[in-house]
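You will see chain A twice below: alongside chain B first, and alongside chain C after that.
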Partner chain A sequence: MTQLTFSFDVNRCSGCLACIVACQDQNDFVSETVAFRQVTSYEERFLTKSRISFLSLSCLHCGDAPCVMVCPTGAIFKNSEGVVDLNRELCIGCHTCELTCSFGAPKFAEDGRMIKCDFCHDRVEYGLKPACVRVCPTKALGFGPLKDISKEKTKEASTKILKSLLATEPSKQP
Partner chain B sequence: MNQLLNKSQIPRGKVPTPESGIEIKKTVCDICNPNSHCGIDAYVKDGVVIKVEGSEENPHSGGTLCSKGAASRQYIYHQDRLLKPMVRTGDRGSDEFEPISWDDALDMIGEKFNTIKSESGPEAVGYFVGYPKWMRPYVKRLAHSFGSPNYMTESSTCFSATLMAAKLNYGCFGPPDVANTNCLLVWSANPFYSNTSTVRRLLDAIENGLKIIEVGPFTTPLSRHADIHLRLRPGTSGALALGIANVMIEQNLYAREFVDKWTTGFDAYAAYAKEFTPEKTEAITGVPAEDIIAAARMYATTKPAAMMTSASPTVHHTNASQNHRAIVALVGLTGNFDEKGGNHVCPPGYNEINNGIKMREGEFTQSRPWADMAPRVGLDAHPVWCKQIPQANAMHLPFQINSQQPYPIRALMGFGLNFNMWPGSDYMADALTKLDFLVDVDLFMTPTAKMADLVLPACTSFERSEFKLYTERFGMYTEPVIQPLGESRPDTDIIFDLAKRLAPEDPLLKTDYETCIDWMLEPQGLKVADIRKHDGGCTLEGVNPPPYRKYEKNGFPTPSGKMEFASSQLADEGYDALPVYTEPKYSPISTPELAESFPLILNTGSRLPMYVHSRTFRLPWTRALRPDPLVDINPEDAEARGLSDGDPITLSTPKGSISFKAHLTELAPPGVVSVYHGLPGAEINNIIEPDYRDPISGFPGFKSLLCQIKKESR
Partner chain C sequence: MATRYFILGNGGAALHGIRALRIAGFTGEVHQISDDRGPAFNPMVAPYFLSGKVGWETCFPFGEAFYQTYQIERHEAETVVSLDARSRQITTSIGGTFDYDKCLIATGARPVMPPVPGLQDSRFALSLREPETALNMVTPLQNAEKVLILGASFVGIKLAEVFLKKGIKVVLVDIAPQIMPQGALPEAAKHVETLLRQKGIDVRLGVAMKKVEDTADGAICHFPDGSIETVDCIAVSAGIKPNLDFLDPEQVRINRAICTNDRMQTSDNSIYAAGDVCEALNRLTNSQQWMGTWGNACYQGRVAGQNMAGQYAEYTGAIPQHVSPIFNWTYMQIGDALRQGPGVQQEFKGDPFTGDNSFTIRVFENDVLVGANLINAATELAGIKMEIISGIEAARHTTSEESYQRGA
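Here is the complex of A and B:
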């Protein structure tokens, strides 16, 4: 089984929140406060300077997903791409998944049943990107099979290290 | 949300296949400014847009969108959309209207405007364009063909003062050549929230070692990438720029050859800058002296270096024109003007996009020379601005409506007119009530539209065609992706139909939008029909980037033919020729007594990612991202006032008070608070004095005011 996953680059995210709205547009959310992604900011102060960083978080589609294990009706399952998916017909709205999820991924619709990020798997099967990845203006969000993303990260980091080792200019000031 | 489809009619996953019946149609988003206008793939099912995403083949936006563009469906199908022409039946602002046919509405405008023209002269009718800006060239031509010099735009508060300042120094200016530079000096710009469409490339350059110097009081998403961040006191950028220049000159880091050969007034400028020692500059700006020196050295010694300014933060101050002149003087001082990797000058193209294309937009729009019309609104008050910018000054409009000097303004034809744009918005709103006849063309029934005698419904970019250029020498002529909602129409159709009644002798306005663009495109040898063939746009054949250092051949388009450190055009009008630093009209230094009651510096109107002016407040998706009217305040200032995050507060200026909620954040430096403009129910411009403005440009001092904040009892 492959395991699809999102990637996220904290050095590129600008907190523009487009991923949230793209998710709402893709999923026709009527309630403006529900989206499968949330963006959280974190501020630090260093004497007279400060820095702001952001994290865009959705369901992580865990390898060993606790929500799948605790769902009493088997409504939540892992599909062949490793996506944590949902058969809403079986959901009884017991919120057990919400209790066990460490990331706040399960949301609940007006009918009381759970809704969650399905990795836009209809789009992905068709060769399209998930809506949140597709919209991202800074390319902070990405997606793919977990093993490819790991490889890509190693390559990127190695290139960076190589460049710094070969740098002919003085490195950046602190 | 979609008026025509309910959720069960939308295929699962919205995958565009023959079976789902979903087609992808190409257009552009025009919610924000023409420098972005991302390419859109509209997912259309049964004539209804059911999803949007960016067009990957668009080289500018590269398939991305911001939160505003991503919310396009709520914009197109909003319940407040105007669907019929409406004529007012009740009092101004009463919201009592009744439908009227398009023909009757246009005939009414023709009759009213032509009567006023015969009674008071054509100049008594003003024309105004707010957002969007795509119809600007046609409104300007209509105004002048009608005989009125009074074509005004929202540029009277945006960009045109930065352009004016740069033109006084150089006669022309250019954007930073980010792709080829090694050091980017970003002066009070936050491209992450104002031009989201290209930040991915800036981040790529940063990852490849681009040095960043950020100047601005607030921390932004860029700050984490900045090698140096100079957090100056708002309104003091002129002093900081002079302080930086002084370091360069003292340490002999400036471009001596360029300065000797191509500039005038350097000796006087250098002598004046000498007063701005790092210590004195620190005292004025609050920026540590060693940071000033480090920034000056980095910008002067890294070659090439480019400067990124924004449309307005540096010029929203009462001392703005000279501040901005001092800032952009650094480009010439370091020899980065019109250099590869510096600031590269591109001649004017079309509708704010300059990509090397040769179009005769200026010739098209100026259908009657200024000399053959009455003096423009604002020519007496802001002559320097009026000489550099081919428009009337909208900031002066309410003053002229009230004074009726040098002549009365009796009617206004507004496209996207919003009185909340003016400082002292109540003063502008009151002036509008004094007009004999007010027309507003808009998408929504806005507070300004409610004051109009006639309200005409425009349609969105999804419902019409548009000729659109991008800086990447890319062009597009869009086709409507859906039918216009109700009876709404493209702005240009309204303009060309009005021209039949207001300027029937104009040979080009007798034709249509496409014919006029073909006329403007003639020097380039391109035709709309060729561009139109390419769904989603095409690279423009034969359009080439202009060469660097064009001044070596042509000189500078200034009176002296050189870059002017000392501006003869300012001196001619009685202003300082040098970029002399003065304090903002209200500041802890210029008005210490006022600052005792109003000790915090107030910044208004800095961009947030989900809003652009008032355009997306009404969309539930974007509004939910920041629903409350907030004041960004540093935790230190909050603690001194006993404030916790979310506390109700009263923000007071010398003109009045408004209720907000406190938003504790390190983004705001201690002593400075920030408020977004135009928020419904908390319109900050209402408590700014209408004459709190820069005398040279007429620009409002939106970004250096004084205020006080107090906790409200719950």
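Here is the complex of A and C:
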């Protein structure tokens, strides 16, 4: 089974919230307060210096998803792409998934049944990017099979480590 | 002879145990003994079936095909009457005797029938725990004028909502002075009680029924003050007790339920236990506790199955938690909100009847968050949960650090 995943580069995120708007547009949400993605900010301050970082978070489509395990009807399941998916016909609206999820992913619609990020299945099926990824102006958000994303991240990290090991100042050369 | 593993029970813990066993590569015989027939029933779904939200088949989340898929030899409609851990033998109600190499006890729990004279034998006293009794509630739902719900537990409140929405008068009775006595703080319980009364439910608390008398088409419920209620049905939701009467406590250690270690083993190495029949780790108190929920049962069953198959798996425990949609509210409780003592403080926020209709009570012990009750405040849940877990981890670290300092 392929495991699709989002990737997120905190150094690139400007907190513009375009990902949230794109999600609302894609899923036809009329309420401003509902989206499958949330952006939170974190400010670090030390003396005269400060830095604000942003985190854009949606359902993480966990490998061993607790919501899948605790759902009393089997409405929540992992599909063939590793996406945590939902059969709304089986949902009883018990909110057990909401209680279990550490990331606030499950939301509830007017009919009392759960709704959640489905990785923009309607777009990905046709080779398009999820709406939030497509709209991100800084390319902080990415997506793809977990193996590929991991390889890319490993390569980036290795390159950084190598550069820092190889970099020397002229005065320190023998 | 092939290795024979026996699974006792037919619920979430049992079936997740079986699945884990097979996925881990166990190729021996898997026998399952249960007192029911057909696929596994989840009583949690029954109120939603009764309300018409889902069909009857949704109450059976694993389906019929599960047993063939995982090559289970079923012994249906058989009750285990004894388990001899020394000889590793199980005896059933129809005289069957079975030798096992390893056994998973996942026999769940049964409804408590309060000791009210006439209640146990009443034709009109029903519970939701088994498919047959749940289906028996369909007729009163269609025809009843008034029902009495005995036990203002989460299940009782849910049933009250189901009956009320069908236009049936509901009397909700509990011997406790508040509704939701397990885990809800009095202030939160009072708010929910107010909601129920506003909806038209006759809530009677601190009341014990004196006796029940059946008539031709209903039951007369007698109360100590001399009053009576004539009802079409009594829905019993007064708690559950684990099904472990077949066990010898001299052979398998039992507290309030079967004691287990972090691998879901009992005091006998060849016997495992999972689900509503056992105690397991409460991460908040770092002690064994009986915490019967569907999710805990499934995880425990899985861990037991993996260990039975020879893998190494640990059950890392759970924090007590519960969620209940009540009419258009969502009530949640997490951690140990009922903690008391000199260092305990409560912090209140909001009012479920005004503003954004949210209400929270956070409970701190020595400035560490240990529990909460939330009404319509799900957006705060993740943060509260993280904070409680951080408190647990900090306490563990402090304990380790203190031990290190002491040279332990």
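As a convention for this text, the second predicted complex is superposed on the first by the 160 of 174 C-alpha atoms of A that agree within 3 Å, B and C clash if a C-alpha of one lies under 4 Å from a C-alpha of the other, contacts with A are read in each partner's own complex, and residues count from 1 in each chain.
By our rule, a contact is a pair of C-beta atoms (placed from the backbone, for glycine too) under 8 Å apart; a residue touches a chain by one contact, two chains touch by 3 or more.
Not measured: the values here are computed from a predicted model.
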item: Side-by-side fit of chain B and chain C on chain A, or clash; value: fit
item: Which of chain B and chain C A:S80 touches, first, second, both or neither; value: neither
item: From chain A, separation angle of chain B and chain C (C-alpha centres, steps of 10 degrees); value: 140
item: Residue contacts on chain A - larger count, chain B or chain C; value: B
item: Which of chain B and chain C A:A131 touches, first, second, both or neither; value: first
item: Which of chain B and chain C A:L17 touches, first, second, both or neither; value: first
item: Partner chain in contact with A:S50 - chain B first, chain C second, else both or neither; value: first
item: Closest approach of chain C to chain B (Cα atoms, Å); value: 14
item: Chain B and chain C footprints on chain A, overlapping residues; value: none
item: Sites on chain A touched by chain B in the complex; value: 11-18, 20-22, 24-26, 28-30, 32-33, 43-45, 48-54, 120-123, 126, 128, 131, 134-139, 160, 163, 167, 169, 172-173
item: Parts of chain B lying in touch with chain A, wherever the complex brings them together; value: 1, 7, 10, 12-15, 17, 51-54, 61, 63-67, 69-73, 192-193, 196-197, 199-200, 203, 207, 209, 211, 219-221, 223-225, 227-229, 231, 288, 294, 298, 609-610, 620-625, 665-667, 669
item: Footprint of chain A on chain C - complex, ascending; value: 42, 44-45, 48, 53-54, 58, 61-62, 294-295, 298-299, 302, 321-325, 330, 332, 334, 378-379, 381-382, 385-386
item: Contact set on chain A toward chain C in their complex; value: 66, 69-74, 89-90, 92-96, 98-104, 112
